[in-house]
Each structure stands twice: as structure tokens, then as C-alpha cells.
Amino acid sequence: MGSQSDWATMRHAADTLDALGVPFTARIVSAHRTPDRLVAFAKGAKAAGHKVVIAGAGGAAHLPGMAASMTPLPVFGVPVETHALGGRDSLYSIVQMPAGVPVGTLAIGRAGAVNAALLAAAVLALSDPALAERLDAHRARQTAGVAEAPRDEATGG
Amino acid sequence: MGSQSDWATMRHAADTLDALGVPFTARIVSAHRTPDRLVAFAKGAKAAGHKVVIAGAGGAAHLPGMAASMTPLPVFGVPVETHALGGRDSLYSIVQMPAGVPVGTLAIGRAGAVNAALLAAAVLALSDPALAERLDAHRARQTAGVAEAPRDEATGG
Amino acid sequence: MGSQSDWATMRHAADTLDALGVPFTARIVSAHRTPDRLVAFAKGAKAAGHKVVIAGAGGAAHLPGMAASMTPLPVFGVPVETHALGGRDSLYSIVQMPAGVPVGTLAIGRAGAVNAALLAAAVLALSDPALAERLDAHRARQTAGVAEAPRDEATGG
Amino acid sequence: MGSQSDWATMRHAADTLDALGVPFTARIVSAHRTPDRLVAFAKGAKAAGHKVVIAGAGGAAHLPGMAASMTPLPVFGVPVETHALGGRDSLYSIVQMPAGVPVGTLAIGRAGAVNAALLAAAVLALSDPALAERLDAHRARQTAGVAEAPRDEATGG
Amino acid sequence: MGSQSDWATMRHAADTLDALGVPFTARIVSAHRTPDRLVAFAKGAKAAGHKVVIAGAGGAAHLPGMAASMTPLPVFGVPVETHALGGRDSLYSIVQMPAGVPVGTLAIGRAGAVNAALLAAAVLALSDPALAERLDAHRARQTAGVAEAPRDEATGG
Amino acid sequence: MGSQSDWATMRHAADTLDALGVPFTARIVSAHRTPDRLVAFAKGAKAAGHKVVIAGAGGAAHLPGMAASMTPLPVFGVPVETHALGGRDSLYSIVQMPAGVPVGTLAIGRAGAVNAALLAAAVLALSDPALAERLDAHRARQTAGVAEAPRDEATGG
Amino acid sequence: MGSQSDWATMRHAADTLDALGVPFTARIVSAHRTPDRLVAFAKGAKAAGHKVVIAGAGGAAHLPGMAASMTPLPVFGVPVETHALGGRDSLYSIVQMPAGVPVGTLAIGRAGAVNAALLAAAVLALSDPALAERLDAHRARQTAGVAEAPRDEATGG
Amino acid sequence: MGSQSDWATMRHAADTLDALGVPFTARIVSAHRTPDRLVAFAKGAKAAGHKVVIAGAGGAAHLPGMAASMTPLPVFGVPVETHALGGRDSLYSIVQMPAGVPVGTLAIGRAGAVNAALLAAAVLALSDPALAERLDAHRARQTAGVAEAPRDEATGG
């Protein structure tokens, strides 16, 4: 992710990967403040044994796209919500990549972080039947967890 | 894809997969006009031997998300450009999925279609070294094809 | 509605239907997490005796449109407000349906939920004179409740 | 509709109603240039035997909402596309009605006009079994008309 | 204004008119909930001796435009801020009037309410030299009130 | 207006004033390229006998607001449509004035130019009964010119 | 800056210049409420020995562009965040300058204020080697301050 | 610039620099397709004797920000207009840089390209009196070129 402040969002990706038993490394790589680290990380990601890169960033969010430009691995991007523009700037900066260098982009904020993890797991599950089973179980639990009818409750908004 | 009219965009995905030697099936599945076909396709996609689903649609673009709700395979979505809103409606309808059901979303229009194919290839290349080599070669050609300096030419826009 | 969290919005539809004496069933049907329930509900809605479907959802809000694709009943959609984009994503995902499958869309949030109920009542009132009278009375009370001049008061915003 | 220039959009509603055998009256009622006509039309619509009002307008599109304020009939609104803002102004002006006076809003432009007619037909079909059958047949033809696979063809865009 | 809730915004217009010694009448006229009151007010505004109409409303804000359609007096509109869309819906609904029926539109929210009063005063001052002097004095005080350099202070955001 | 290129829009204001028999002066004053001319014009407008200022500009459109800061006369602003952003930039730059310096803003483009002229005429008509009559006649012709029903015709879009 | 209220944003520019040892003068110049001060400041800025102008303003933010129209010095603009539109109005009003009068625009809000100072310093550093060294050191500290991995911590959202 | 297709926009920067007698080098550096070239260029720009970097790019436009992350030189960015989103994606991707790494951003499209050149020239003119004179002359010609009154002419829209 691009900065410590993105961790409030990206930890949901980490939590989801943990829940699915998918090992991962969480690192802070700022495209703008640590460009050398970005180059080193992205160019070395495949050799380091990574299979998928999840990159979250906000505002003029260049981390996912720049990582994608320097690795053949699939890159999934999470637009972090921003105060002024709600994350629209992050979304456009990540999703509107030119033809040739793809970033699979997820929803703005927490939902996107969770889903980046689920999408990465779905990719890994293509060649990992045990993970595929855990993912199926996760989805089945998710389906079963949807109540039939709404409950009244103290609501906050 | 959602309709014949989306083919002008999605054929760029097909062309890119062809160029990379990735076999695929192109089908029209309208989430709204052929919901049964959508259910049958999405639920059967894995059993039919598919590895990745690429779905392109425009406007209230429900095809990618609904497909993702009914298959454990990775789903990549391409927002087709629309006349009134430029594809912003397509983009929001595809990318803003709730936590639990991911769609990896690419850019609006042709660039997104090309990139959906490249991203699918990158996923498949994780377990297909020959494809990985073809993909690396594709990227190398792409890099080599960027001229050092701009040329003046008759421009249309 | 699409999830328990939508109930804070959609309960205003329920309250309005209650106030008008219109019987209804409130159910949670997640297009993405419970697609089978969606198919079963939408395909069976007419046979179950329903006359109108009100569907509220947020973000990539596919519930109203997908319901509309599988029932001949009129479907009214309520875009639930979202944190990042204010409900613009919900609105576009619901209103921008392609030609062939309509969703009558109401305002974002609480006003839309109230109005979905009023619009459903107006539809039912076409063949229910007693309901038409109750609806007329409701509108007359509403008109009478608008003061002639503003009052100063402690305001919160 | 609000002006002669809206007819290029709204005729698609008329054509769809014709195809379904639903009788209708097409009138130009400008909220701003003919407010008296609007009042007379909206207040008299029910007594004149109308069941549903379809109103299309562009820009600061007040026709649907103002009609809805003066008739108990269901009102469906079609945002006409505008040059500067693509119809976003029309959409917001129609859909964002306050609680109390609903307008069921359709998509911007031609798709919305077609769908307003289909939605009106669905409402009327609740008490007209023959129309319900024609509507079912229309939807079945529509489903059957979706090809299985895309065709290459000369494309214009 | 369109509702009691708009008073939090529109009272700033009233306060400004008071400060300038411009007499006015503040009334609640809901375009949607009290259309008859709107027609009566707008058609009678000139005969009642009004010179300028200031209308504030939010969401699908039809009050200013509809008033303008039924009075030859200058109408100034104030878009009230809305929760979901920040007042963009109000702004578009007020400013995008078709050729033929103008509404002079001010900024969203409090600034717009203050400025509607100032603009109305500028119009009245064209034929009221004493008011013109008070307005000049108001502007001079405003200019004099701008400090040369910023002060540090406890800030809230 | 801000530049010769704005004349395609602003000539509709000139034509409307001509039709109403309102004398005016059309000048090009660029806030950015001729700031001295702007200062001279705005500060001298009242003394030169002008009653109302109509200012049209596009993009970062500072002309209307800067003119308003230097004259006590009412200023009406016309946002000229722009290629990239459709005139949203012009609209925001004109309408979002801070409290203290109002600009009555009209619609983007041609409609706004026509309406700026009509609004200026309405202001002048407050103290010019003959103009008030011509304006009433203009509006009556406008109302009479709205056909009862749409005509089919060759349409261009 | 345009008003005292902008100081909450612009003080971050002042703090950054202080940290880099760049002398500056902070003044309040309201384009709309103190146009004479604006003219005097902008026209005299070069003669007063200034090298770069940083101007922050919100809403219809004319200060940066108008300053740029009256000084040959480089002008950098900071769009102050606004409540209703998040600063999009400020951004468009500053960045969309017509060809001929440039404003180098930074991000909305605090980040933009910090960066305006850094950009001004980079400009001054072109002819001030000591400042160039301080700026390099600042960037090196910034890079070194990015942790390798995220820390869990109490987060506020 | 990011690609040959950006040259249609960026040549206006080149033409402006030529007109001002400012030497420059035009190169194509694609952040995504030639990341190594980007790193080499940006890291070496100062040593190569460059004073200012002008970078134009469209869509998810990472070139200006990434260049800024690897050079201490001032970087000015030009958002190239895009088909789907009008250049809003380019603008947000360039202007919304996080605190620490500034990009001075100009208008979308041709105006921005011209202005990037003018701003670069203004920066260089701080230590080049001859250039300062040429720049002053350019601005004086520009001011003199604004006609007093509009001309009717064949207009294209």
C-alpha cells in the first residue's frame, strides 16, 4: 500500500487473506516518496515468489499502475477513499490504465480491500484445490449469513 | 458480453487473446434480457472448463457482478462507453461491488477490453510457463514499440 | 432489499405502506450473496400474489434491475446512499437500464424509499378505490401540513 | 413531453405503446412556457380517463415532478439527453423528488423512453390480462432475439 | 422557500435584506406539496407589489423555475445543499432552465442565500438611490473588514 | 464577453435584447488577457450609464465574478460550454461566488445567453412599463408558439 | 489567500516554507471583496521582490488566475476544499485557465498547500544551490520516513 | 509525453516554447510501457541540464507524478483530454498528488499545453532577463490582440 494511513483500508484485505489461509506480505511502498522501493519491489515480485500483487492507494494513486508496469504478475488495485473527492480521484487514477498494462480494480474503500483479497484467492484457487474449497466454504457461509427478513435495531445512519 | 452492440468494444479483448494464443469462447449473455442464460452460463462456467470470465457491459451493467455472484472463477469486467454519461454509469455499476463478490474492473472502453484479455492471460500464465513467455514477449514488443521522440503527422484530433 | 444495512433506508418504505394500509412483505434478497434467492423470488413474485416489487440497494446495485429481468410486475428501485459516492453509484446502477427491462427509479435515500411506497400505492390505487381515497387523504394532509411562513428554531444544519 | 425537440426521444415511448396495443395521447406540455396547460392537464388527467402519465423533459426538467404534484396517477419520467451535461441535469431534476411526491424515473434518452412505455404497460397489465399476455410475448421475443454469439459487422463506433 | 427545512439556509437571505433595510415577505411555498399555493403566489406576485422573487429549494428543486414561468418579475434561485449530492441536484434543477424562462442562480447554500439578497438589493437600488447608498456602504464595510494578514487561531478544520 | 470565441454563444443574448428593443453595448473584455480593460470597464460601468452587466465566459470563467466585485450594478453570468468538461468548469467558476459578491447565473450555453437577456429585461422592466409590455408580449408569443401535439419530422438527433 | 478561513489550509504552505528556510509574506487578498488590493498586489509583486506567488482560494476561486493575469511571476494555485462540492469548484476555477495565462495548480486542500510550497522551493532552488540542498535533504528525510510495513494502531477511519 | 497520440496536444507546448526562444527536448516516455526509460529520464534530468520538466499524459496519467518523484526539478503536468471522461481522469491523476511530491497542473488539453510552456518560461525568466523581456512582449501582444468588440463571422459551433 502507499502509506501507513492506507492501512485502515488495506487491513481488510489482510484480514480476508488470513481468514482464507492465504499467506501474504504487507509492505508500504509509496510510488511517490519511495520510487526506488517501488521499482525494486515490482521488478522483484515474481522472483520473490509472489503470485499476485494487491496495491491500495489514494488520490493520484499511481502505485497499482506503476507496479503493473514492472511485473508480469496480475495486479489488483484498491482505490482508497479520499476526503475531498470521495475516492473518485483514486478510482480514476487506478482503473483508467491505457491499453497494454492492466490493473484489475475493485470498489472504493473497505469493500474493495476485502474483494481484492477474494479475487486474489480466486486466482490462486485455480491451481490450489484446497484453497478453492476454502473459498467455496467462505461463499457458502456468506450466503447462509443473509437473513430472510430485516430486523429493527438501533441504527446509526 | 451483454449485447451485440458491445462487440465493437469487446472484440479488442478477443483480438488480444488471439494474439496471445489463449483459447476462449465469445458469447452474448444479457443479464436483463436473457437472465436464464446468465444463470446457466455462470453456474456452469467452471464445470465447462473455463478458468476466467471476462464480462463487458454498458449502462446499468449488471452482467459482470451477477456472473461473479454465481461462479467461483475470477471475473474481470469491462465498462462499455455510453453516449449520455461516457461510461461512468457502466464503471460504477461494475466496480462498486459490495464486499464478498469481487469483479476486477478495467478501464472504460477499448483499453479496458484489451487489458481484460491481458489480465486474464497474466492469471493463466501463473500456471502456464509457455503463455508466460508469450506474454513477456508481448510486453517487450510493446515497450520496444514506443518511439523515443514524437513525429509530426496528419492528426485527426 | 439487498442487505440488513439497507433497512435503515427501506424501513421508510415499509412505514409509508403501513400508514396507507397497503399489505407487503419485507425480505432481504442480495443479488450478489444470494443469487438463487433472487431468482426464486423474482420468478415467483407474480404467482405469489405480489403486484409491485420495491427493491432498494446501494453501490453496484443490481437487485432492482435483475428482479425486473425475471418478473413481469412493475419494479421500483431505491438507490441507497453510499459513503464514498453519495449514492451516485447506486443511482446509475438502478436507473440506467437498457431498453427492454424498466426499473422506475426514485430519489437517493429516505425520500426515495417513501416515494417508492407512494408510487406503488398509486399503482395499486388504479384498481382499488378505497386505497385511492386513502392516498388522496394522505396527500391532502401533506399539503395542509405545509406552514405558510418559516419558523425560527434551533437548527442542526 | 416538454417540447417538440423532445419528440425525437419520446417517440420511442409512443412506438413501444403502439407495438403493445396500448392507447395513449401524446401532448406537448411545457412546464415553463405553458404552465397553465400543465396545471389543466395534470389536474384533469384522472378525470380524462388517463391511468398513467409519462413525462419526458430535459435540462431543468420540471414537467414530471410538477405533473406528479397535481395528479394522483402514477407518473413516470424520462430524462432527455442534453448537450452540455449529457442529461445528468435532466436526471437529477426528475429523480431527486422530495418525500411525498414520487416520479418513477427511467434511463436517460431513448432507452428511458422505451422503458417508460414498458413500465406503464406493466402497470396497466395488472388489471388487463390480455395486455399482460402481449407484454409477456414482447419479452419472450426480446429474449429470443438475443443471439448466442457476436457477429462481426461493419461497426460505426 | 420550498420547506421549513430550507429556512436554515434561506434565513441568511432574510438577515441580509434586514441589514440592508429592504422589506420582504418570507413564505413557504412547496412546488410539489402545495402546487396551488405556488400558482397563486407566482401569478399574484406582481400585483401584490413584489418586485423580485427569491426562491430557495433543494433536490429536484422546481420552485424557482416554476415561479419564473408564472411571473414577469426577476426570479433569483438558491440551491439548497443536499446530503447525498451536495446540492449539485439542486443547482442543476435551478440553473439549467430552457431558453425563454430565466432564473438567476446563486451559489449552493448559505453564500447563495446571502447573495440572492444582495443581488435583489442591487436590482432594487437601480431605482432607489437611498438603497444604493446603503448597498455601497455595505460593500465598503465588507472590503474594510478583510484583514491584511492571516491570524493564527483555534481552527476547526 | 471573455473572447471572440464566446460570441457564438453570447450573440443569442444580443439577438434577444434586440428583439425586445433593449439597447446594449457588446464588448470583449478578457479577465485574464486584458485585466486593465476589465477594471476600467467594471469600475466605470455605472457612471457610463449601464444598468445591468451580462458577462459570458468559459473554463476558469472569472469575468462575471470579477466584474461583480467592481460594480454595484447587477451582474448576470453565462457559462460558455467547454469541450472537455461540457461547461461544468464555467458553471462552477461563475455560480459558486462567496457571500458578499453575487452573480446571477444562467444555464450553460445558448439557453443561458437568451435568458441572461430576458432576465436583464425583466430587471429593467421594473421601472420601464413599455418594456414590461414588450416582455409580456414576448412571453405570450412564446406560450402561444408551443404546439399541442408533437409533429413527426426529419430529426437530426 | 482569499480569506481568513483559507488560513487553516494555507498555513501548511507557510509551515513548509518555514521548514525549508524560504522567506515569504502571507497576505489576505480577496479577489472579490478587495479587488483593488488584488490589482495593487499582483501588479507590484515583481517590483516588491517576490519571485513566486502562491494563491489559495475556494469556490469560484478567482484569486490565482487574476493574480496570474497581472504579474509575470510564476503563480501556483491551491484549491481550498469546499463543503458542498468538496473543492471541485475550487479546482476547476483555478486549473481551467485559458491559453495565455497559466496557473500551476496543486491538489485540493492541505496536500496542495504543502506542495505549492515545495514547488515554489524547487523553482527558487534552480538558482539557489543552498536551498536545493535543503530541499534534497527534505526529500531524503521524507523517503526515509516511510516504514517498510504497516503498523496496527488505533485508527479513526 | 506519454505516447505519440499525446503529441497532438503537447505540440502546442513545443510551439509555444519555440515562439519564446526556449530550447527544449521533446521525448516520449510512457510511464507504463517504458518504466525504465521513465526512471532513467527522471533521475537524470537535472544532470542532463534540464531546468523544468513538462509532462503530458491522459487517463490514469502517472507520468507527471512519477517523474516528480524522481527529480528535484519543478514538474508541470498537462492532462490530455480523454474520450470517455473528457480528461477528468487525467486531471485527477495528475493534480491530486499527496503532500511531498508536487506537480504544477495546467488545464485539460491544448490550453494546458500552451500554459505549461508559458509557466516553464516564467520560471526560467526568473534568472534570464532576456527571456523575461520576450515573455513580457508575448503577453503584451496577447493583450493587444483582444479586439474591443465581437465580430460576426461564420462560426462552427
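When the chains are written out, they are named A, B, C, D, E, F, G and H in that same order, and each has its own residue count from 1.
By our rule, a residue touches a chain if its C-beta (ideal position, glycine included) is under 8 Å from a C-beta of that chain, and two chains touch if they have at least 3 such contacts.
All values derive from a computational prediction rather than experimental measurement.
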Common touching chains of chain H and chain F: G
Shared interface numbering between chain E and chain C [over half = same, under half = different]: different
Between chain H and chain D, distance of the C-alpha-averaged centres to the nearest whole Å: 47
Averaged-CA centre spacing for the pair chain F and chain E, given as whole angstrom: 19
Centroid spacing, where centroids are CA-atom means, of chain A and chain G in whole angstrom: 33
Sequence positions of chain C contacting 2 or more other chains: 3, 30, 33, 59-60, 85-86, 88, 95-98, 100-101, 103, 107-108, 111, 142
Touching residues (chain side chain E, partner chain F) in the complex: 12, 51, 72-74, 76, 91, 95-108, 110-111, 114-116, 118-119, 122-123, 125-127, 132, 135-136, 139, 142
Chain A - residues contacting chain G, complex: 1, 3-4, 6-8, 10-11, 26-28, 30, 33-34, 37, 59-60, 83-86
Chain D residues within the chain B interface of the complex: 81, 86-88, 107-109, 111, 142-143, 145-152, 155, 157
In the complex, chain H residues that touch chain A: 2-3, 30-33, 35, 39, 58-62, 65-66, 68-70, 82, 85, 88-89, 92-98, 100-101, 103
